[in-house]
Amino acid sequence: MANTKYAYVRNFELPDPLLPNTFLVFRVDGHSFHRFSDAHNFTKPNDIRALQLMDHAARDTMEAHPDIVLAFGESDEYSFLLKKSTTIYSRRQSKILSTLTSQFTSSYVYHWSGYFPDKPLQYPPSFDGRIVLYPTEKEVKDYFAWRQADTHINNLYNTTFWALVQEGNQTTTEAHATLRGTFSKDKNEILFSRFNINYSTIDARFRKGSVLVREALDEYVVPQYQESQELEERGLKRSQASHPLSEVFTLHPLAEETESTNETILGRL
Amino acid sequence: MANTKYAYVRNFELPDPLLPNTFLVFRVDGHSFHRFSDAHNFTKPNDIRALQLMDHAARDTMEAHPDIVLAFGESDEYSFLLKKSTTIYSRRQSKILSTLTSQFTSSYVYHWSGYFPDKPLQYPPSFDGRIVLYPTEKEVKDYFAWRQADTHINNLYNTTFWALVQEGNQTTTEAHATLRGTFSKDKNEILFSRFNINYSTIDARFRKGSVLVREALDEYVVPQYQESQELEERGLKRSQASHPLSEVFTLHPLAEETESTNETILGRL
Amino acid sequence: MANTKYAYVRNFELPDPLLPNTFLVFRVDGHSFHRFSDAHNFTKPNDIRALQLMDHAARDTMEAHPDIVLAFGESDEYSFLLKKSTTIYSRRQSKILSTLTSQFTSSYVYHWSGYFPDKPLQYPPSFDGRIVLYPTEKEVKDYFAWRQADTHINNLYNTTFWALVQEGNQTTTEAHATLRGTFSKDKNEILFSRFNINYSTIDARFRKGSVLVREALDEYVVPQYQESQELEERGLKRSQASHPLSEVFTLHPLAEETESTNETILGRL
Amino acid sequence: MANTKYAYVRNFELPDPLLPNTFLVFRVDGHSFHRFSDAHNFTKPNDIRALQLMDHAARDTMEAHPDIVLAFGESDEYSFLLKKSTTIYSRRQSKILSTLTSQFTSSYVYHWSGYFPDKPLQYPPSFDGRIVLYPTEKEVKDYFAWRQADTHINNLYNTTFWALVQEGNQTTTEAHATLRGTFSKDKNEILFSRFNINYSTIDARFRKGSVLVREALDEYVVPQYQESQELEERGLKRSQASHPLSEVFTLHPLAEETESTNETILGRL
């Protein structure tokens, strides 16, 4: 067959299996989302619809890939934890990385109009992704703690910054100058004394990010603000309360895999 | 800062640079597109709108990434050639792979309604991708020859198969049986004698796939059947004729990189 | 400097760090040692001097690299366990692999004449090596259990085979035929009934391999048959008894790393 | 079998094939050879016997591995070029790297007493190694040009430095100070005016390093100063003149591989 004389080029496709029995964290980030959020006039400091769209894309990704047991999102990034025993796509790195990034991207574009019915997508947005391997639970917990601490730091800064700009009538340059060298307590104080904002009462989603957990019976625990009719139609149970990551890891210790089927799936990472 | 105690988890993000000065071929494939084409009633054996949508997504990807100098598409797959001197994203494999896959996917979903105005997308489709390194021009040419030979083989089979089913009233099982063990000349003969189809007159896009070439002045040579007003609005010159890959490589030898700026960009892979 | 125009070639030296916080197992194997053992008339089924020389090379390798906490040898292979926190050579794979292989090889050749004073080395022997990563203790234990089970299987076969040849006057072809399809109990029976050999009384080194463990105060636990004056001169304590691997792992559980300095070093893998 | 329950640990041995059809350069370096050369009182700035021993180990390595077509050595390092079509050990990186490093090390220790009959080896020396891939001839040539330029730079410095110390009665600190900021012509001038040394007449091996080339009929071209009886006994032809690398690449262009068997093997890299 004519094709056979060229088929040797397949020999250049080298195997890329990931180490077995290690946790996979897949993280996706918006590509040039500063420009993207400007082009679509995202509300500052947080655009609730944009965050809900991210959550929706993340949920779709979890539904398509049952070995994802936990996801955490903030701003234009989302992290997914795959259980360490996963054999998804024979643990081939490129296959996993490209498929998950594609799935997330596709859902984001597909669901856009549901969250922004009045705002047509100006151009196709893209994301980049990466996979990181973690051998133990400790690193996995610290990874998510790291992302959530990042959420807190960024959100406190952004909330104070935009209060200074939007309500305090500072220029962005002035607002950056005001915040230079300040600590968390200083920012809390600025919010409270100047703008009468108690930071701790701000929507938990903004302060702590979104957490999606796969539970027994394939139910998701989704944050309480996720008032999605669609979710219930799918038979997905809405949780009663948001789950900051610290609670998730307390309630669902990342236990060793067991044969038991009564445990929550998170218990069988 | 609270974040610093967790930041060690970044040490698990290992570097993944691709070998310098080698050609990169990025190939994207539809994920479960058999199901996807059924769900959207794609015309058999070829759906011209679906192929045009693939071409559009490929063009967007080339526009977003100037180091892509050539692309070849067939069915639900597309291959992209990046020049060997490219330093895109510092040649970090995961970054390149995920970004290109995401860009292609995003464009596909974004432009869907333009090609299927009467057929809403049922669910978000996804693609997988891979990057293959080739050290020399010979392998690059053979890679694209391999994909084009594959196009020919598949299309001749599918064209004959669906003629037997759609016009010859065979069941799909019967049609497979009819074709078992046949050679190309047999299929050509079946098409001509039973259905009065001269295979060589079928749309070149179906027989030979789509070829996109980056030319001097950032013009694309696009197949003649690409009657896209949008292309001209962007200032992209439409070529006079389709370019089977053999012509492309003859007309634009994959020469060594030179300092000259008068050459076509393809000449400076 | 003349050198700078060529220095770009260093860009092709790509980084190859191993995943942090995973156990490293380095295994070295004799290259073409069937030929090598014939050329040097090694005693069958086991040559005690050849095994002692392997142990000596392994000990040298452990002394040169303090992060090796355990080693296991059989026949012409040796496996070394590096603690999971090791940062040896910044965990660069090629550097570790090549250095350890070189060290082992060098010691083997260097000490040859001490174990074979009457038998000059005919030509320089070589070894190949590999590094395998294991994320958890379970796999590390199973790795060494696997090598020790292999030792048992091979040694029981070889012991019976050579008894049939050397004492039973069978040809090697006949001996292989005699053993075809036999189980362990059959081989034990052959040894006992035909040759009056109680397999369980054979030197533990032959049946179970050699185990080297790094203990507190940099003392080695070495098998009792290691009557090496040199060891004592170096201040290395000889252990009272051989340590089959199962005992090692019982006595020295592969505990989590701690700050305590009173534990055995093995306890701080 | 008892062994099968543990055999899963082999799944952690991941494949590591090198990209096909690229040149492999294997470089070996002495590990802590500053200490090693002190311990064995190597002559400064160059110890001819130590360099001959390096050459011998390199020759052994080339003999054991026919796909090595060129080698270049200086000081305590040696670089080997494997032809790009090589399929040695199925191009598995760890296997190649460890075997070649082991072979070189083994030969070095094995042949020590032949070059230093009066100076017993104090302890087993070790080397580290690495493999670098180069896609084209240009990079291969530049790689060896880089090593040879390095040889020149180091040797001119060292020759002048030790002349200042050994003949000029400077301390090493003074000698370094004398040379700080000097250019090549300054060092040449110091050698000529103070010590009556014409640098260009110094042994070419010291100035240009050693070059070993595999030629047709498995003959080596070895530098003229390689007065080795042993070589002739092996039927290896001694070359009439040293071959600086620039001549090697002129005489034996790194041509494309051909089917011809009359060409020199170097011509079929």
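Remarks
All chains are identified by letter, namely A, B, C and D, in their written order; residue positions are counted from 1 within each chain.
Throughout what follows, a contact is a pair of C-beta atoms (placed from the backbone, for glycine too) under 8 Å apart; a residue touches a chain by one contact, two chains touch by 3 or more.
Because the structure is predicted, anything quoted here is derived from the model rather than measured.
The two sequence copies chain A and chain C touch through a face in which the numbers common to both exceed half of the numbers used overall. Chain centre most remote from that of chain A: D (centre = mean of CA atoms).
Our note on geometry: chain A versus chain D, Cα centroid distance of 52 Å, whole angstroms. Rounded to whole angstrom units, the spacing between the C-alpha centres of chain B and chain D is 47. With centres taken as mean Cα positions, chain B sits 31 Å from chain A. Counting partner chains per residue, chain B shows two or more touched chains at residues 12, 19, 21, 133, 139. By the touch criterion stated above, chain C contacts chain D in their complex at residues 1-3, 6-10, 12-13, 28, 31, 60, 64, 93-95, 97-99, 101-103, 105-111, 121, 123-134, 139, 142-143, 145-146, 149-150, 152-153. Contact residues on chain B toward chain D in their complex (touch as defined above): 19, 21-22, 84, 133, 135-136, 139.
On chain A, the positions that touch chain D within their shared complex are 11-12, 14-15, 17, 19-21.
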